[in-house]
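In the two complexes that follow, chain A is the common piece, with chain B as its partner first and chain C second.
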Partner chain A sequence: MKIGILASLLYYKYQSFINNFFYELGCEIISSGETNKRILDDGVKYCVDEACLPIKVFHGHVYSLRKKSDMIFIPRIMRLHKNEFICPKFCGLPEMIKNSIPDLPPMIQDTLYADSKDGLKNWAFSIGEKITNDKIKIENAFSISLKKQIESKKGIKDKNYKINVALAGHPYNIYDDFLNMNVVKKLNRLNVGVMTEEKLNEEYINRQVLKLYKKPFWTFARYTYGFTSYLAENKLVDGIVYISSFACGIDSVVIELIKDRIGSFPFLILKIDEHTGEAGFDTRIEAFADMLERRKAIEDNISASW
Partner chain B sequence: MYYLGVDVGSVSTDIVLLDKSFSVVEELYLKTRGKPIQVIQEGFKILKSKYDDKQITAVGVTGSGRNITSFLIGADAVKNEITAHATAALNIDKEVSTIIEIGGQDSKIIILREGIVLDFAMNTVCAAGTGSFLDRQAERLEIPIEEFGDYALKSTSPVRIAGRCAVFAESDMIHKQQLGYKQEDIIRGLCEALVRNYLNNVAKGKEIIQKVFFQGGVAANRGMKAAFESALGFEVYIPPHYNMMGAIGAAILSSETVKKGEVTKFRGFNIAQSNVLQSSFECDGCPNRCEVVTLEENGNTIGCFGDRCGKHSSKMTV
Partner chain C sequence: MKITFPHLGNVCFAAKALFNELGIECVVPPPNNKEALEIGTLYSPEEICLPFKIMIGNYIKSIEEGADTIIITGSCGPCRFGEYCELQMNILKKLNKKVDFIVMDVPSDIGIKEMFSRIGKISHSSSKSKKEKIKALYKALKIINMIDDIEADAHYIAGYEKNTGEAKRFLNKCKRDAINSKSADEMINILTEYKRKINSVEIDKQKKPLKIAIIGEIYTIIEPFSNFYIEDKLMDYGVSTKRTLSPSWWVKNTALSPLRINSLDIKKASKEYLPLCIGGHARECIGEAVIAKNEGFDGAIQIFPMGCMPEIVSKAILPTVSKDLNMPIMSLIVDEMTGEAGYLTRIEAFIDLLERRRKSVLFRS
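Right, the complex of A and B next:
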């Protein structure tokens, strides 16, 4: 069976599990591949106008696969951690797709509450049973892919840069190089190293969040808030670069919370939308890198010479 | 011995020549009109009659068109607008603590403390709150943008215009017009809307302390200066070459490269006469379908960019 896997949204976080699970079940995996202009254009064309860019791009990925696979994997992801939710657009994703894109193959859209291992396992079984009757095979596929997911190396932590920034934002904005116009490469080229939230022990993240007057119920919010505020407070990086899709509701709150916490610590917000002209993006990154360099020079007690 | 600075912005292209002590000896303010290359050639034609290539010690470029320009004229310093504007302002006055810069597509706030950029912010992907907002409304009202500020100052009781988005502002403005409000009151309202938008978005959370410099093309608008002053409650200074600050900064930054002992990469004023061709094509090497631009001068390719992978641009040996 050919199964269509969308290299978009939470795939960036859980690709090890997804790919291995379907592979072990004996499926042929058809990936939508990296985002490209075609995918962007189709996504914008088929998606409702109000959605954010990553959701639009997801539509484009689906469109690119619709004639190539027997089934398409679009799970309804409700929850990743206990007592938390993720963005509501994920909960309604199968409906959004069904109502916007014509001529779709059957969809695997099982609802996932991943806050317990049982929940995750039940979900995996209900998917597996659509593909095979062999329970042992499903059991095996589940344990192998879960193991691979846990072992998989995620995140970026550059070494040997004098200036380093925390790169924050939703994983699908950080790792989709087409959407973020290759921001990691651009920063590296300006001699700025990058660190992402996966490289910080989750315990530190959770401890930071305790200082908020109320526990955030968005998973993405907890991660980005805890990650950025911890690095800023302990001066483990020189600045924070936050990639945020235009009109993101969660970001609009988290960014304010972060600003409130870190005070005057250097913070650059890069908004991404359909733009593919890079001039505006480059200006902001270059200016930020310049600023960090000058600030560092002052801190190191070397007089700035301009 | 001159330093040449070029700022290719969305609305205007500014060219300056500075002498050794960074005083402006020549300034050209040209409208870009979407044709950066032709405009630079036009400017160089004017400069060519007065100056010699050998008099140029170093060249700096800035602005959103800085990359294409650096290929065309040969630049020693290619710098972003924030650094360029801050450099130019500090050269005039070391005391400046805040720079409000509003250009055609961008608006910025730069926070300086003791001569270094401590913080900055720019408008996000949306160009509301920038010069193009005023430009558009001026066009609608059929008032030359140069006179816009004077109209605003004539107002006795400004009307409130929604400032969040240029499209919202326009519909609000039309409704107020239809109700019979005076034009100057509407224009003053627009200036106030822009200032409100700037302070609430771009400058949000930033501490604006004196001395404040107001620069960029929009500083020409006296109504905007007045609106800023009434919102902030203190005086806002407009430097003498307010619309040239980016170019001046780029020229000053270029002088640093010469200090390091480098010879200028300047390609000479003669490019004014060259036959420069821009062409673009969609690369079909991969699904990214990059829009690649190539720049040809008298049949020789002098620049190539826009590809993500570097397949085309890396062939260039500039």
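Right, the complex of A and C next:
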């Protein structure tokens, strides 16, 4: 059986699990591959206009696979941690796809509550049963892929750079090099090292969040807020670069919370949408890198707002 | 303690009556207007949704009148509304406004103890006895139910009335009189009086007016300023409208939700299209569209603020609903930049379209 796997959204975080699970079940995996101009254009064409860029691109990925696979894997991910959500659009993703793109093959759209191991296991079994009747095979596939997921090393932490920045944002904005126009390479070329949230121990992140009046109920919000505020307060990096897609509801809140916490610490927000021009993007990154360099040169670190 | 609260449609009637009865001073912010929106836009984050901005405008106007405590409801759902309190506290702190926030979260998220301590903050500053407090709450609930009923009746009757504009006139007068009343009992009397008046408006049963359901995000459909008074406009055109979401519906829905017996009809109707709650009122939006068709409505108008996450999902689903049910549905998106003229044109065009779908175009006098 050919399973269509979409290299978009949370795939960037859980690709080891997804790929290994279907491989062990004996499926042929058809990946939609890296995002390209065509996928983006198809996404913009079929998706509802008001959605954010990652959701539009996801539509494009689905469209590119619709003739190539027997089944498409579009899980409805409700939550990843206890008492937290991801984003309403993730919860309604199968419905959005179903009602926007015509002539789709059957979808695997089981609802996932990954806040307990049982929840995850039940979910994996309900998917596995659609493919094979062999329970032991599913059990094996599940444990192997879970192990591989836990072992997989993700995140970026550059060494040997004089200036370092924290690269924050949702994983699918950071790791999709087409959407963010190779921001990591661009920063590296300007002699700026990058660190992402996966490289910071989760304990530090959770401790930062305790200082808020209300614990953020979005997983992305907790990670990004904890990560950036910890690094800024402890001066572990020289600046923060936040990649945010236009009209992202979560970012509109998190960015304000971060700004409030870090004060005048250098903070660059890069908004991306389907119209983003690369030249303006480059200029902003270069200006930010220049600013960090000059700050470093002045010993007493006078704030940029002076 | 001088309490204030953000506007949400008819909530101000019940809130005013409640705090009057409890003997707590309260400031009702001036009705939502351009000024409130301008103040809100100035201080709010750029990309946050419209309700947030108008609410900030409400707070600042109330603080100017001496309010020092703000009450808002909270939520821990996936919608942005749950984070409002934190951002709003930060904004007011930066503006050097000394105010207390009392956030009414559901007990399942903050714990029952914290919930009682937050309610305690309000009830301690009231000198009334326990019995009187419960009575006050009862009266407030009665008021919110009555005013929502009157409003719904007026919106529906507007399509059938013999003398055009009568229902609207009564509704406006009713609101004006009610907010100026001195006590809860007086307000209830006024409302009873107007309920009778509106129900005795002369109607023409032969008329077959267009019927439109208003669906979408709760704040923008309940708060008339944020949707450019769409219901008033439709009343002027002689269109009957129905809107299920209202403050009284919200109270009932929230009270019943722990038992999972809230809005069963909506859940059932939306099952085919959106079987799960995804936050906000996306499921309600879909369900209401289906129910409206079953009740013989001609069309539905969905309204939501720019960037509203749950409603974007329902907007993606509504075209299929519309096709399956053979009922036109229009989506209107509002934010602080919405121009009224273009907005009006779209409403008028939609009404024209609905009229032409009927066999005779010339039924309206």
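Throughout what follows, the second predicted complex is superposed on the first by the 298 of 306 C-alpha atoms of A that agree within 3 Å, B and C clash if a C-alpha of one lies under 4 Å from a C-alpha of the other, contacts with A are read in each partner's own complex, and residues count from 1 in each chain.
Just so it is clear, a residue touches a chain if its C-beta (ideal position, glycine included) is under 8 Å from a C-beta of that chain, and two chains touch if they have at least 3 such contacts.
Everything numeric in this text was worked out from a predicted model, so none of it was measured.
**Q** Superpose on chain A as described above, then tell me if chain B and chain C fit or clash.
**A** Aligned on chain A, chain C fits beside chain B.
**Q** Between chain B (first) and chain C (second), which does A:37 come into contact with in this model arrangement: first, second, both, or neither?
**A** After superposition on chain A, A:37 lies in contact with chain B alone.
**Q** Pick one for A:216: touches chain B only (first), chain C only (second), both, or neither.
**A** second
**Q** For A:66 in the superposed arrangement: first (chain B), second (chain C), both or neither?
**A** neither
**Q** Look at A:199 in the shared chain and tell me whether it touches chain B only, chain C only, both, or neither; answer first, second, both or neither.
**A** In the superposed model, A:199 contacts neither chain B nor chain C.
**Q** Between chain B (first) and chain C (second), which does A:296 come into contact with in this model arrangement: first, second, both, or neither?
**A** A:296 sits against neither chain B nor chain C.
**Q** Now for A:286: first (chain B), second (chain C), both, or neither, which partner does it touch?
**A** A:286 sits against chain B, while chain C stays out of touch.
**Q** If you've got the overlay open, could you tell me the nearest Cα approach between chain B and chain C in whole angstrom?
**A** Nearest C-alpha pair, chain B versus chain C: 5 Å apart.
**Q** Both chain B and chain C contact which residues of chain A?
**A** Shared contact residues on chain A: 246.
**Q** Write out the stretch or stretches of chain C touching chain A in their complex.
**A** Interface residues on the chain C side: 45-49, 74, 76-80, 82-83, 85-87, 89-90, 103, 109, 273-274, 276, 278-280, 282, 306-310, 312-317, 319-320, 333.
**Q** Going by the contact rule at the top, pick out the chain A residues touching chain C in the complex.
**A** That would be residues 47-48, 50-51, 76, 78, 83, 85-89, 91-92, 95-96, 98-100, 111, 212-214, 216-218, 221, 246-253, 255-257, 260 of chain A.
**Q** Provide the residue numbers of chain B that touch chain A in the complex, in ascending order.
**A** 64-65, 67, 79-83, 87, 90, 105-106, 115-120, 122, 124-126, 205, 253, 256, 286-291, 308
**Q** Quick check on the complex: what are the chain A residues that touch chain B?
**A** 33-34, 36-39, 178, 182, 246, 259, 264, 266, 269, 271-273, 275-276, 279-280, 282-284, 286-288, 290-291, 294-295, 298, 304, 306
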